[in-house]
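Look for chain A in each of the two complexes below; its partner is chain B in the first and chain C in the second.
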Partner chain A sequence: MAWKKVCGVGDVEVNSVKLFDVEGVNVLVTNYGSGFRAIPPICPHMEEPLDVSGIVANCVLTCSKHLWAWDLRTEGMLGETEKPLKFYETREEDGALFVNMVEELVYDFDSEDDLDDDFFG
Partner chain B sequence: MTSLAKAECLLPQESSQTEDLTVTIQTPTGAFEFPCQEGETFLHAGLRAGVSLPYECATGTCGTCRGRLMTGEVDIGWEASPALAKLKREKGDILLCQTKAKSDCLVRVPAKTVTQTSAEAVPAKTRGVICNSRKLTRDVVEFQLKLSAPMTFEAGQFALLTSPSVVGARAYSMVNHSIDKTDSIVFVVKRKHGGGFCDWLFSDTVDGTEVDVFGPLGRATFDTSEKKNLIIVAGGSGIAGMMAILERATRSNYFSKYAGHVFFGVPTLKDGFYLDELAKFVAKAQGGLNVTLALSNEQPSQASHPNYEGIKLANGFVHTAMGASMAGRYDNAMAYLAGPPPMIDAALRVLITDGQLSPQAIRYDKFG
Partner chain C sequence: MAARNHDQWMATPPLQKGEWIDSRVYTDYQIFEEENEKIFKNAWVPVCHESELSKPYDFRTTSIAREPIIVCRGPDNQVRAFLNVCPHRGMMIERRPSGSFFEGQPSGNPKRMTCMFHGWQFDMKGSCVYVSREKEGYQDRLCKDDVGLRRLRCEVKFGGFVWVNLNDKAPDLESWAGKPFECLRKSLEAEPLEVFHYHKAIVDTNYKLWHDTNCEFYHDFMHYHNRVTGFNDAYFARKNEAFDNGHIVVGTFEVNYDKYEGFESRASLSFPHLPPNQWYMIDLFPGINFNLRGSALRCDVVTPLGPNKTMIEFRGLGLKSDSKEDRMTRINHHNSIWGPFGRNLHEDLIGVQGQGNTMMPGTEPRRVLHGRQENQTIHDENGMRHYYDEWGKWLNRLPSSPDKPYAAASAVTAAE
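Presenting the complex of A and B:
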């Protein structure tokens, strides 16, 4: 367990995303109105930077590149989205947002795209 | 139809010239095998055979058609492709839309959506002769292609054109639409500086030139069974496919039941084109269709176009004009977008944020 402070709860406007450096790890914070989610800074589809391409509305994060979308309340995938987001555990305390930084969350583009025999098993 | 007969006798001749290679595509949902002519891309050969390989731009920029070459010899195609630069080439990653088979090949594709489709509406290779090219504005040209084999396509689809004198394929949306097969398709192109194909089209000597055509392609299509109000946002030559959609909708009286809202962005009043056609669509819709010309670099002096009463004028970017006009009116809407990537991005934000539209209610060709 390594709870790290990311930002103040007022630092990310409702229905927006903002990129933070948490001791060398890029963390994207989304404020979807009824809460916050902290995720890796890129889209799991084609590595699009979500601080630029991420749109938050109606508790949904949509990447404007190919319209992959995730429900920020349930963390589930919506529509034609094919890969889930990874989420850091978050906590709000004394007006600040903390993430549980056990290790940097990364999308394993190589192994998921890795077309080895197991993939077709 | 004589042109159809011509097509039927043309194809066997073509394929008999070269011995077909065999391409096998392995996907998580199964393997697909199809013939591929030497020099033909995997994507074209697969789509021709009705194998629904993944693609968006089909011109080497988006990376959607990524695969991995397991065995076989290939020509990797466009070396400077923006999408190729992101791939793990040392592992054999390739773009299906660029890579040409030089021997039988085995390729793995991670997409789970590949299926064998019916023979209907599969794209085909043909040739077309450019005719009736004309400048619509200072930097927009329209031209027609007389196809050697007629094509059936849906409103909103595009085709790839390759000229013998310019490297690489270009994707252009069809402006016209016909329910039946047609051997005449119309395109509109905006001149971009340094664009080889564009410069060539603007050279005044293109009429009579033959180009290779592959199509139809694209899923950002309109069908009269949508039962949705249409929001159409186009920047510059992005209006091309929208003209086909409006033609299709108008012919079926779609706007007598559902509303249509067209927002067409150009820099100044004199950059507008297809205004005659748009005004006619408005008149035929009898109140069901609104067209707004958004001028990003000019403050219009009146609310309507001086020559076309039915076309409204607005100042500012097209997504801003759309947002201002559509506020509170997004119910049961389907949006179609086409234009430069920053316009698409800005329009998406308005539609998703203000309009609360779901991704399923927004259609555009994802060329980026």
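Presenting the complex of A and C:
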């Protein structure tokens, strides 16, 4: 276990996201009203930075680019969303928020296709 | 002869075939359209230099013959070119002149080209990677594999220039221009080059009049400083050499820069493998010029905008490895010849604009002479004769009488 302090519980407003640097790892914290979630900083769809394009309302995080959305209470996917979010384990203690940083969570993205460059050969 | 009346003015000059042309090649709208279609859509054009998109995901936009083009560098460091057109509804995909896709745009994501119109996205190889609400609208009738970008022939060559050809079946770049580049290849390819200067001029003249000026040095009579300090035996011995495909090379000679008032020798900064202070010039059909004056390389490229309107893009290049001090010296060398207060470029522009003023669409046809024969040396006009012979083949028009087909004329010549 490697519990790291991220921020104070008052540092992230209700229905918002905020980006923190946890010893060199970018962690996005969202306060959805009835709790906190800590996730990687980008959308698993197309690497969109969620501190810019993430919207939190009614306990749902939505990426405004292509409307992928996740229920922050259940961590489940909503609508047309095709990939789940990855979550860091969190706990609150003495007015601070901690994450269990075992390793940085990253998503797999499709690499560009392997069309060879002898395209017109 | 005294001044002439109209009939005398319009009479055929006492020169051989091919030593003069009819000014309608510069003024006719139909010919301008044919040049776009038959020449510029089939020729290799250096649209930029690879140092202008030095990092993965960097891009530049440009056009050839009205076709919008985007050039970008992939994560694999390869430079590729595409039509800058969305396969969905024909929207221009990228509107900036240059930039990077590494960061996302307001309507797109990082590392993708995004059409802002309906949010379709493409990777740096031109593959479609996202169609918004794909299944809902197209079910299984059309998928991303069906809607990739239009990829274009693109080669990075001859010193890192990015060459594009709109014709998938055009001859390869090496066979198109390898021969004229032989004289400078070692110098341009010894180490990476870098653009330190860019500007463009939109001039009221025909693009061929500009290229003519790059192909003949007789107009050194206009360049006062060249005339009073440059005319010497070595200068007059310089050769104009013709190559296949309408290209010419102006052979080198050693310039005594220290004889120019306020100038210094360029020997210490001459390009790799280039003897000190040498000066080469390569003129490629249909309107591209590479001009290496010892320490600084200039490349200019034309885009015809109308029979009487031409965009010329100028680039100045040095070595990527330049120290800050060497680079400043190189820029100074570049500007002292080709900058706004330099010796040459503004005078060249005055020359071609003056021609443009007398040869507008609708003006009476004039005879334009290029019949100087001086053993193919610097004031010979063989470069232009060679160019217009090539031009005639591409358009199947006789330059001295553009209503007549070139093919018929050459058949007559052969019969003679």
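In the analysis below, the second predicted complex is superposed on the first by the 109 of 121 C-alpha atoms of A that agree within 3 Å, B and C clash if a C-alpha of one lies under 4 Å from a C-alpha of the other, contacts with A are read in each partner's own complex, and residues count from 1 in each chain.
Throughout what follows, a contact is a pair of C-beta atoms (placed from the backbone, for glycine too) under 8 Å apart; a residue touches a chain by one contact, two chains touch by 3 or more.
Fair warning: this is a prediction, and the values are worked out from it, not measured in the lab.
Comparing chain B with chain C, more residues of chain A are touched by B.
Of the two partner chains placed by superposition, only chain B is touched by A:55; chain C is not. In the overlay built on the shared chain, the residue A:65 is in contact with chain B and with chain C. Legend: residue contacts after superposition of the two complexes on their common chain; A:46 is shown touching both chain B and chain C.
Contacts of A:82 after superposition on the shared chain: chain B is touched, whereas chain C is not.
Contact with neither chain B nor chain C is seen for A:16 once the two complexes are overlaid on the shared chain.
Once the two complexes are laid over each other on the shared chain, residue contacts for A:26 go to neither chain B nor chain C. Taken together, the two complexes place residues 46-47, 53, 65-66, 110, 112-113, 115, 119-120 of chain A in contact with chain B and also with chain C.
Within the complex, the chain B residues that touch chain A are 26, 28, 56, 63-64, 66-68, 70, 86, 88, 108-110, 112, 344-345, 348-349, 352-353, 356, 358-360, 362, 366, 368. On the chain A side of its complex with chain B, the touching residues are 15, 46-47, 53, 55, 57-58, 62, 64-69, 78-80, 82, 110, 112-113, 115, 119-120. Across the complex, chain C is touched by residues 43, 45-49, 52-53, 65-66, 110, 112-113, 115, 117, 119-120 of chain A. Interface residues of chain C facing chain A in the complex, by the touch rule stated above, are 74-76, 78, 104, 107-112, 119, 121, 123-125, 127, 129-130, 132, 151, 153, 168.
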